[in-house]
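Encoded as C-alpha cells, here's the structure I'll be asking about.
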C-alpha cells in the first residue's frame, strides 16, 4: 500500500488532529477554507472572556476530528460505512460553516440580509465541487440529508451532532467556563446506529443530560451574557447606522474591502459573482471599517464605533419579565438628553429585545436512546432525567441596552 | 473597611483573575490597554498552531495574575512589600507590553524603525502617568529599575520574571504544545528574596531546569518553527516591499489607517503626536492592508499578499550549517525564472537568515539559588543540572525561504 | 514577624496545598490523621473506575485547601474573620472525616453499629483536644454549630460546604468521570456572607446549578453505579456472614487486628478504650480479613471472599420500579440451586434493595442567593433554574444482586 | 462480521480505554491480573505525594491503551502488523508487570531474593499460557524478544516503550508533579518502523528530548525524593529485621498470609507451588504485617513498624559527595544513644547508600531518529540536543538516613 501524506495538527482541546486524505487536504488548503482563520468563532464574547478568540477554522477542524472518532466508533461496532462515505462525512463537517460571514451569528442578520449561513455554505460547496470535478457530490448529499443513511447527516447536523459537541467543548475551553465542559469522548463511545438512525446507548443517558445542561449553561453564561450581548448589539447597530446613512459617494464610509459591495451594489441575489465577493469578507473588514468610521462626521456612527473599540459598551440588564414601557421611555429620554440626539435615532443608543434558548428541541430532531433489549425511546420519555420537564421548554429573557 | 469594586475574569490558563484596585481598573479600561485586544500574542504562529490566537491583552492580564501570586508568596514568607509597591508592580506588568505594535515581534523591526517596544512602553506609560496625575510614578521606577528593591523589577523583567512564566504557560496552552508547559505555580512557591534580590529556594532547582528546557523547546518547536518563520518573514517582506514602492500619491497603497502615517510622514522621532498615531495601530490595519495590496498592480506585492492570505507560504528549511552560496544561487535562479522577476528583487522570493536562541543568558541577569544554609549560587554553578553545559550556549540555525 | 514553617503539598486536583500554621501541622502529623491514608475515599468504586483509589487523607487535605480559599475570598470582601476563627475552621474541615472507618460509607452501618461517623469524628476531636490542651475548643464549637458565626459551620457542613466541593472535584478527577467536574473556584469566588449566613452572589447561580447537577450525576454514574453497589454489598454481606458465624474460638476468623475487637468484645458503647481500638482500624484490616476468610471452611464466607478478591461480583440490575416477588423468587431459587445453599442463607447470594438520592434537600439547609439589591432567596425560589422542579425531589431506584 | 463484546474503562489520564478482544478480556478477568489492584504503582511515594496511590493494574491498563494507539499509528503509516501480532503485543504489555510483588520495586530485592520481577512475569505468563491453551505463545515470544519483528518487542520494552510512556504520564498525573508530564501522544504519532526497528521521525526530536528530561526530573523529584527513599528504606529495614529474627514458632511474627511462606519455608526455587503462593501476595499482606509487628516484643521491629505507620520516618539527606566516615559515625552514635540499641543493630536506624539515575542508557537500546532522507541516527548523535552531553551520563547521589 502506498503511504499517503499525513499531517498532524496540534489542538489544545483534543491533542492532535490527523489529516490523511487528499480530498481533505484540498479542502483545507482552499482559500475559502483559509478565510475561516479570519473569522472568530465567538464574535464579541472575547470582550468578557478574553481567551475566547478562536476561529471558525479551528472549530471546523475540531468538528472534523470528532467526526473521525465518531466514525471509528461506529465502524468498531459493526456499522457499515464505506471509505467514500467516511470521507464525505468528514468533508461535510469541515465545510459546514464555510458560509459564515464576519463575526458569524452576531452579524448574520445584518450583513447579508435574508440568506442564512447554511444556504451560503451549500452554495460555496457547490462552487468548490465544480472546481473539484464532483468530488464533493456525496458530501453535498450528506449535508442536505439526501442520502439513504440518515445517521451520517445526523452526525453533521442534529441534536447531537459533532458540530455542537465541538463548539461546546471548544468554547468552554477557550473561554475558561468550566460549566460548559461536556464528556464528548464518552458521548462518542455511546453512539450507535439503529435502523439507519443515530442513537445513544442507554448507559450514555447521563452524558447526554450533562451535554444538554452544559449547552443551557453556555447560553446563559456566555453566548447570551449581558455584556457579550451588549457588544454584539453595538456592532449590529453600527452596521445598521452605516446602512442608514450609506451613500456610495461618501468616501469616509468606504472600507475598500468587499464590505463596500454588500453595503452598496449587492441586490440581494447571491449569484456567483456576489458569492466570490462574499468569500473575501472577514472580521478584518468589519473592524477595519469600525476603526475608520470612528472618525466619520456622523455623530451616532462615530460615537458607537469609538465606544466599541474602547470597550465602553452599552450598559445592559437581563430579566425574566419584559421591561415596562415607562421604564424604557425613561431610559430613552436619558439617552436623548445625554447625547443630544433626535428621538427617532434613540434606538441606536437605547433599545430592548428578547433572548431565547431551548436546549432540547423535541420537534426538530430527537435524541434517541437505545436500550439493551433493542427498543428505542426519545430521551424526554426516559424516567427520571432532567430533560423532559425543563430542558425542552423555551426560556425567554428580556434585555435592555443603554449607552451612558 | 469599605469594600472596593472586585471583578473576576475567566482565564482558561489559571482559572480566574481577580481585579480589586482602582488604579488597576483605570489601566485596564484605558483605550491604549484595550488596543492590546487587537494584537495577537504569537503573530503568525497560528498558521501552524491554529489555537495560538490569544492576544497581548490576555498575556498581560495573565502576567498580572502571576505577579499577584508572586507577591502573595513573598509576603507570606515575611518579605516586606507595601501596598503601594504591590500595586505599582502589578501596574508595571500590566503595562510592560503596551508598546507592542501589530504582530508584536514579527514586525517590530520593520514597522517602527530603530525604536524598541520597551522604549515605546515606557513612553506610553509616561503619557498615561500624566493623565493619571502621577499615579504611575512608582510603576515607572520599578519598570526602569530605579527603585531600591531590585527584586520587584526582577519580577517584571529578568531571567525568571512573570512575563516569561506567563508567555510560556499561555503560549503552550493555546498552541497545544505540551512540551512548553512549565510548573509556574511551583516556581512561584519557591521564590524568595535575599539581600533585596530575587532568589529561588534550593528545592526549586528542578522546576527551574524544567522552565529553561521548556523555553528552549518552545523556541525551536514554535517560535522558530520553519513555517511560522516563513509566514512572519513573508509579512516582513510585504512591509518592505510597500516601503520600497511607497508613494503618498499611490492610493492603492493607502490603508486609511494609522499605518499610512508610519509608511509616509513619520520622521523617526516618536513625539507625542506620533505616539498617539502609534496607539491606534493594531493587527487589523496590517491585515486590512495586505487584503487591499493583494490587488495592487505591483506584481511582487500582490503576489506576496495573496499568497500570505491563502497560506501558500515560502517553502523553508532550517539546518545547523549555513547554506552554500551555490545552493542559494540555484534557488534564487529558480525563483527568478518561475515568477519572471528581476534579479534585484529576488530577495523578496528567496532569502536566507539566521535564527538564534539562548535559553539562559548568564551575562544579563542570573537565576540565583538560595540554599538552606543561606548561601546563594547562580544556577549554572549548581552540581548536576542540565543548565551550565547546554542551556547557556547560544544555538544558531540557518534557514532559507523560497516561494514556489 | 518571625517566619513560620511552611510546607507545600502537590495535589493533582488543585496544584499545591500550603500548610503554615503550627496547629494544622500538629493535626496532620497525628497518627489518627495519618490513619486516613489507609482508608480509600471511594471504597469499592475502584473496581469500576480504576483511578478512584485516593484516600480520606487526600480528601480532607483538599477540603482544607478549599477552606483556605473560601476564607480568603470572604476576607477580601470585608467579612470579619479572626485568625483564631480561620485556623479553627481549617482544623475542623481537616478533622471532619476523622471518624470514618474502613471503606467509609460502604461499611459504616455494618462495622460499628448505631454510631455515625460524624459522632465518631466528634469523639476523636475531643480526645485530640485534650492532648492539645484545648487548642481545638473553637474547632469543636464550629464543627457542632455552637458558635455565633453560623457561616463558618456552613462552610464545614451544609448544602454548599467545602467537603462536598472537594469530594465532587476529587472523585470526578480520580475516577475520570468528567460529568462530575464542578466549577469550585468560581463557586468560591461567589460566596458571601449576609446576616452571618453563607450566601451565594446572584451571578453564581449557574455554577450552583452545575454543582447540583454534577452531584446528581456522580450519584447515579459512580457512587450508585450498579457494579460499585454490587461490590460494596458483597463486602457488607461478607461482614454480616462473619458476624453471623462469629465465635471467639474460631481462629480462622481472627484477623489479629482491631477488627477482631469490633467483631467480638465490643459492647456497643464507644468509651475511650474502644475509641483507641477504632483508631487502629483501616482498609488493610478488612482486606486482610477477606484474604484470610477466602480459605475459611464456611462455604458461604469463602465463596463471597474469593469472589470479591477476584472481582467476580454479583450481577446486578437497577430500575425505576420494584422487582416483582415472582422475579426475585425465581432468582433466589436459581442461586440456591447453583450453589447448593440453604434457603435461609439465600440473602447472601441474592437480594434486593433501594438506592436513593436527592441532590438538593431543601428542608435541611438552603442555598441562599444574594441579589444585588441585598435581598436573599433560596435557590429553589429563583426563576428558571433546573433546581426547583427536579433536583429537590428524591429519586429512588430499585436494585437486585445475584451471584452467578 | 459478528460484533464482539466491547468495554470502555474511564481513565483520568487518557479519557477512555477500550477493550474489545476475547483474549484481552480473559487476561483482565484473571485473578492474577486482578491481584495488581492491590499493589500500588509508586510504593511509598504517596507519603510525600498523597495522590500517588494508583495501582499496577491501572498502569498496565494505561500501557495497553498506549500500545493500541502506537499500533494504530504504525498501521496508518503502512507498517504491516497482523491481528494476531497486534493482540499479542497488547497482551504482552498488559502482563509485563504481572510478576511484581508487594510495593513493586521498593521491596523487590528483599522479599523474593535473587529473582527479578521480569523473570516472575515470564513464569506467570507461562502458567497462564497453559491454562489458555497456548493463546499466549506469540505474546511470550514478543515479551522475550524472540520474534522476527523486533519493533514489537521494543514497544513493550526499550528506551521508548509504552511502559515508560505510561508510567511517566501516570505517575506525574497522580502525584501532581507537572515536571514529569510528557507529550506521549506526540511521541506516538512520531513513531515509525525502519528495517523492522522502532524509530522516531526527525520532527519528534524535541518530544524525545522532553521525554528524557521528564524522566530525569521524575527520578530526582519523586522516585528518589529523600522522604520517599526514607520511607521505602524503612520498609526494607522492617523486612530485613523480620528475616533476621524470624522463627517459625514466633506466632507474633506470623501474618497468616502468603508472606509467611516467603519468610519461612521458601527455598529460593520458584516452582509452580511457590509461584501460586507468590500470586497471593500483595501490599495488604505487608501492611497487615507491619500493623501486627508494631506490637512485637522486638524493640527494633516494633519501633520501625510504628514509626512507619505514623509516618515518623528517618530524617534523610541527599548530596553529590559521599558522607564522611566521621559524620556517619557521629550519627550512628547518636542513634545508639537515643534508642539504647546495640552497635551491631545500628544499621536499622542509621545507614547510608547511593541512588543513581541515567535517563538515557546508550549501551542498552538506542532511540533511533529517522531523517526524511531515510537515514537513521542514534539520538545522541543528533546536533544540538540536550541528550548527548548530559542525559547519558550516570548521576550518583549519596544519602544518609537516621531515625531521630
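Chains: A, B, C and D, in written order; residue numbering restarts at 1 for each.
Assume a contact is a pair of C-beta atoms (placed from the backbone, for glycine too) under 8 Å apart; a residue touches a chain by one contact, two chains touch by 3 or more.
Only a predicted model underlies this, so the values are computations on that prediction, with no experimental measurement involved.
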item	value
Chain C and chain A - chains in contact with each	B, D
Shared interface numbering between chain C and chain B [over half = same, under half = different]	same
Distance-maximising chain from chain C - centres being C-alpha averages	B
Cα-centroid distance, chain B relative to chain C, in whole angstrom	49
Chain centre separation (chain B, chain D; CA means) in Å	43
Approximate Å spacing (C-alpha centroids) for the pair chain C, chain D	31
Where chain A touches two or more other chains, by residue	15-16, 177, 186
Chain C contact footprint on chain B (complex, rising order)	1-3, 6, 8, 15-16, 18, 20, 76-78, 185-186, 189
Chain D-touching residues of chain C, taken from the complex the two chains share	9-13, 15, 29, 31, 34, 37-38, 46-47, 49-51, 53-55, 57-58, 61, 173-177, 256-257, 280, 284-285, 287-288, 291-292, 309-312
List of chain B residues in touch with chain D within their complex	177-179, 181-183, 186, 206-207, 209-210, 213, 216-217, 220-221, 320, 383-384, 386, 389-391, 395
